[in-house]
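Reading through the structure tokens given below for one structure.
As written, the chains take the letters A, B, C and D, and residue 1 is the first residue of each chain.
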Amino acid sequence: MSALLEIQGATKAFRGLVAVSDVSLSVERGEVCSVIGPNGAGKTTLFNLISGVLRPTSGRIVFDGKDMGRVPSHRFAAHGIGRTFQNLALFKHATVVENLLVGCHTSLRSGVFAGAVFFGRARREEIAAREQVEEIVEFLEIEELREKVVGTLSYGQQKRVELGRALACRPKLLLLDEMVSGMNQEETEDIARFILDIRDDYGISVLMIEHNMRIVMDISDRVHVLHFGQKIAEGAPAEIGRDDTVAAAYLGPATAKHPRRLADANR
Amino acid sequence: MRSGHYKESVPSLIVLSDSTAVWVWGGILVLAMAMAPYFLNAYLLSFLVLILITGTGALGLHVLTGCTGLISLGHVGFLLLGAYAYAVPVAKFGAPPLIGFLSAGVVPALVSIVVGVPSLRLKGLYLAITTLAFAFIISHVVLSMSWLTNGARGLPVMRPELLGIDFESDARFAHLCLVVAVATLFAVLNIQRSRVGRAFVAVRDNDIAARTMGINLQAYKLRAFMTSAFISGIAGALFGIYLSFVSVEGFPFLMSIEALAILIVGGLGSTAGVVLGTVLIVLLPEVARIALGMLGPQAEMLFSTAAHELRTVLYGLVIILFLRFEPRGLVGVWRDVKRLWVNWPLRH
Amino acid sequence: MVSRLAIILAVGLFAATAAKADQGITDTEILLGEVEPLTGPPALLGVAYNVGTKMAVAEANAAGGVAGRKLRVIVEDDGYVAARTIQSVKKLIDVDKVFALTSLSGSNGVAALPVVEKAGIPTMASIAPITPLYQPPRKNVFVVGQSYEEGMYQLVRYLARKHPGAKWGILTQNDDYGVALRAGFSHALKDGGINVVFEGEYKKGQQDFSSDILRARQAGTEVFMAGGVLAETVAMVREFEKLNSKPAIGMFWPGRVPVTLKLMGPAGEGIYAVDYVETDDSAAVKAFVERAKALVSEGEVKAINRYSLASYASTKVLIEAMRRCAKTLTWACTIAELEKTKGFETAVMGPISFGPGVRFSSQAVRIMRGDAASLTYKVTD
Amino acid sequence: MQYLVDLVVSGIAVGAIYGLVAMGFALIYKATGLVNFAQGEMAMVIAYIAWTIAGTVPGHPWLVVGGALVAALLLGLVIERLIMRPMLGEPVFATVMVTIALAVILRSLVLLVWDPYPHALDIGVGRDVIHFGGTGVRSAQVAVMATLLATCAVMWAFFRFSRIGKAMRAVAADERTAQLMGISAARIHAVAWVGSSLIAGIAGIFFALIYDVSPNLYHVGLKAFPATILGGLDSVLGSGLSGVVLGVAENLAGGYLAPSLKEITGFAVIIAVLMVRPFGLFGEREIERV
């Protein structure tokens, strides 16, 4: 079976500024992968390409055996790509449950009229969606937040809601953009546990952008390193930790002799 | 208010309201409105009718501006279209009123695609101004198609007979408006708790995230436009019947502002707010009249000679004061009062 | 406020059961109601009209009232907005319980016709005598004046005689007023002898008429029908002045007020107008203004224009009918007496007559010309 | 040919007024990110004030203009300080609605304070007709064209050379960064409102000179709207020039197509333009960041 996600020579340029340059990488099924790299390395742009927010200037993105080049951007979710955003992108005037329900959007069918009447299929559908959401709420342990308006929640709670919303899309691949930034030790460990559970219990592959090297090293199966839009390394966490080019990219060539310090770079 | 309650089944989680009190009071209110025509005189009844019609129209705008966040300054265009879409087949070609109401919804909804498609790429103020431009163009087109619309002469409209019921009398007409308003209210509430309504809110709050969740922005903006135009068109038809005369003059630009004022005063994005806002805005001139009457005959005289001006100044002031001091609108005030009532004398 | 609210509610609650036929009459007083645009640009008509009503009422009261009762008028402002017109009419009938209506506002009054007709209250609607107000005739709605169609027809015929073989231009507003003018113009065309070279419509509220008038001049217009209400007519005339073009210009009674001549300046000299009420320099109008000084306030005297005369005549007919009913003053009697009106003289316009099935007293029109120096219009020929 | 020239000349004359009002729109948008829907109403109020001064002390044209401009300055200041500044930091929608409400209030206040009748603004100059060949123009129309050019020049110099003008560009580019650099947004907003009120006042006075004061004067704001959109909401000079373009377009549509099209030409043009360029002809495209 082919890889779940296969990026082949993707390039994205904004008016001459090349944010992602000829990047190829893959995510296997059942894998937790990380993308790391200094600020401005093009990580988020790469995510935007994978989730259809942006289109590559050249190169191909193949997901689950399908070339996504012709897929309209709002169909990416239906194909099984869910994501969270670096700077929270929740529907902040809606409640937690409503946010999660939006995640279910692609698995529902009812239109304006059916919704207005709210009877028969539309109602059954809503009940089914609500059951699924309840399951996610329990999984993420946010029961007490259910009816809270998202805008009133703490940053860490909002992050968790956003994770739940991405899960509600029933993705095959989950893209997590700096999930634990700004979280304390305990919250970070919770998230790490969730990510592993997501993979193990739901069979969802995970690709995450992370600056927190601890979590990257602890839970990734594979790590991809971007630098100035280019991929400079790929491998198991341990290999990456020893890689001289990676250390040079992060810390400058002078410190390249102490690759071990990479893991502490973001403490 | 009850505290600490448990739901035993998932279906009970998706009901419109799980509070018996809300249903009981809602029922009493509707019943009272249904009985009102037998107790009120024609003048007071006309306020009830205006509240019901205005509320329906405001709910239409609410779908577009409140839920989906697309600001429209051209709402009056849809009202006007609805009125004509009713009047032309019914008054000019003798079609049954039911067909008239259908066309009053469908025609504006179709035209809203023409308005909506070019608007899809536009955001915020640019969109607002485009809708304004469309409202002007719609009235121009209606005026210039005089072979169909009678142009500036306008079309006289009779009270309809629907499903064998004659709505000729004021009381019956009020009932018709009540049925339409309540049905619209339920439809809008239902839309809001279903897939489409959540998609509207998602488009409003964060369009990029919405797209990532699988929401086709263009399609949902258009759907919001169409739903809004449909509802507004029906309200426009009712208003035309109320005026007994459909003409471009009967739908001044100020109606667009009035509709936005209702949303703001009620609390943008809240359906309950639309209801509260409608009541306040429609009754504002009468309240002002009574308030001025308290100040003595001199002030009351001023109101009778400068009523229109004072009324518009009041609109403006009320809008500014709400935006400045209570951006959550009447709904926010209502929640505060409720919290105070439940928790008194405690603070929280 | 509480008491007022209570009264409104109480009145509301018992409205359904109360007898309606004689409402508005107490032992000492008879209430009349009037809906006018008192604010917004159309107030120019409404305020003046209201002065005329007040004059007629004051004169009647000075002469002992109607069957010993004094008349009192309640005025409602509708700002020329149809929805407000309906509201106001309903308030006057149901809350204030007036005996009769002296005005239904302007052309927007058409919207209130079903309400008035259903109530059966005697009603005069004479501000803007447009056809839908009296055609088909409604039992209780009476109109004094002349239709815009007929006025236009007479004016065009007159100018066609004066300027045989001339090239004609016409510019009208895109509303019911413009439609009526256009209809009158078409009627006159049927009589032949008129060569139309320019026809146009402008959007209500337009302020710059440069391209319209350029177009009219380009077409070689020698006789021009300025179908604006007031400011628009002024703007058209001034554009001709700017272009140094001097066609014969005709306009209509809504614009036949001193302020138009003032705004036109020298360009207004010799402009043709048409009207069915007396001109400002006539003995009747001079006497009217003199009497007004004793009866209404100074500001109101200043507001007097042709609409005051139209209203004065219209209200006088109503009061006369009521007076003839005397002790048996009811709606039915008033309407019957109005219908019997024949050749009633008011001095400010021709005699007024109604009849069975005739709810429109068609007044003869006269052609007049503007005099820039005295800011008045003088009857010509 | 003469006909075409006449249409274009009178189109430029009326377009110059649209241009001035449109510049007022753009100035406020540039500095505050808002569309001030009360721009036409501000022009109307100033025109009425000018008329009142002219009626009280006849025979002093400069006093009328000077007095009206002082009033415009005060009006701008008062609106900014009392109504707009408290809204700082509120969502754009809310703030724009405040300007709409303000427009409604000003419109009615004019009718309450003054009267519904049209009046000629007589300051002894401006009404006389000047003839160039076969084309007749009122002297006020010549003056307003010159004024538009002068205002454009002043605006260009203002943004190019003056400290506050440059600061305004900075605020427009990035409000938060500009604030961090020590530029006071409140002060810039005040300057923008005063400037825009002055421009509106000038436009109002010219409009009154050419077409009389009347409670319909605020329509000039609606007419100038399309010019701002055409030029791009954030382009002050572009808006000024677009006003002239639209004035001419309007006259050509009225002169060659149908007179009734004249009033909606502007709106038809902006819909066409926005379909092709959603940010106007000279406006800058926003770049979204995820």
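Assorted remarks:
The criterion applied here is as follows: contacts are C-beta pairs under 8 Å (C-beta built on N, C-alpha and C of every residue); 3 or more make two chains touch, one makes a residue touch a chain.
Bear in mind that the values here come from a model prediction, so they are computed numbers and not experimental data.
Steps from chain A to chain C, taking the shortest chain of touch contacts, total 2.
Relative to the centroid of all protein Cα atoms, the closest per-chain Cα centroid is that of B. Taking each chain's centre as the mean of its CA atoms, C is the chain most distant from chain A. Inter-chain centre distance (chain A to chain D, centres taken as mean C-alpha positions): 49 Å. The centroid of the Cα atoms in chain C and the matching centroid in chain D are 37 Å apart.
Per-chain Cα centroids separate chain A from chain B by 41 Å.
For chain B, residues touching at least two other chains, in rising order: 140, 143, 208, 306, 308-309.
Among the residues of chain C, those touching two or more other chains are numbered 39-40, 174, 203.
Chain D has residues 111, 260, 263-264, 290 in contact with two or more other chains. Chain contact summary for the complex, chain B toward chain A: residues 10-11, 13-14, 186-188, 190-191, 193-199, 201-202, 204-206, 208-217, 223, 226-227, 269. Those residues of chain C lying in contact with chain B across their complex are 1, 4-5, 8-9, 11-13, 15-16, 38-40, 74-79, 81-84, 86-87, 90-91, 93-95, 108, 110-111, 113-115, 132, 174-176, 178-179, 203. Only residues 35, 83, 86-87, 90, 92-98, 100-105, 107-109, 111-112, 225-226, 229, 233, 260, 263-264, 267-268, 270-271, 274-275, 278-280, 288, 290 of chain D touch chain B when the two sit together in their complex.
Those residues of chain A lying in contact with chain B across their complex are 51-53, 72-78, 82-83, 85, 89-94, 98, 101-106, 108-112, 114-118, 122-123, 125-127, 129-131, 134, 165, 169. Put simply, chain D touches chain C in their complex at residues 3, 6-7, 10-11, 13-14, 111, 115-120, 127, 129, 131, 136-138, 211-212, 214-217, 219-220, 250-255, 258-260, 262-264.
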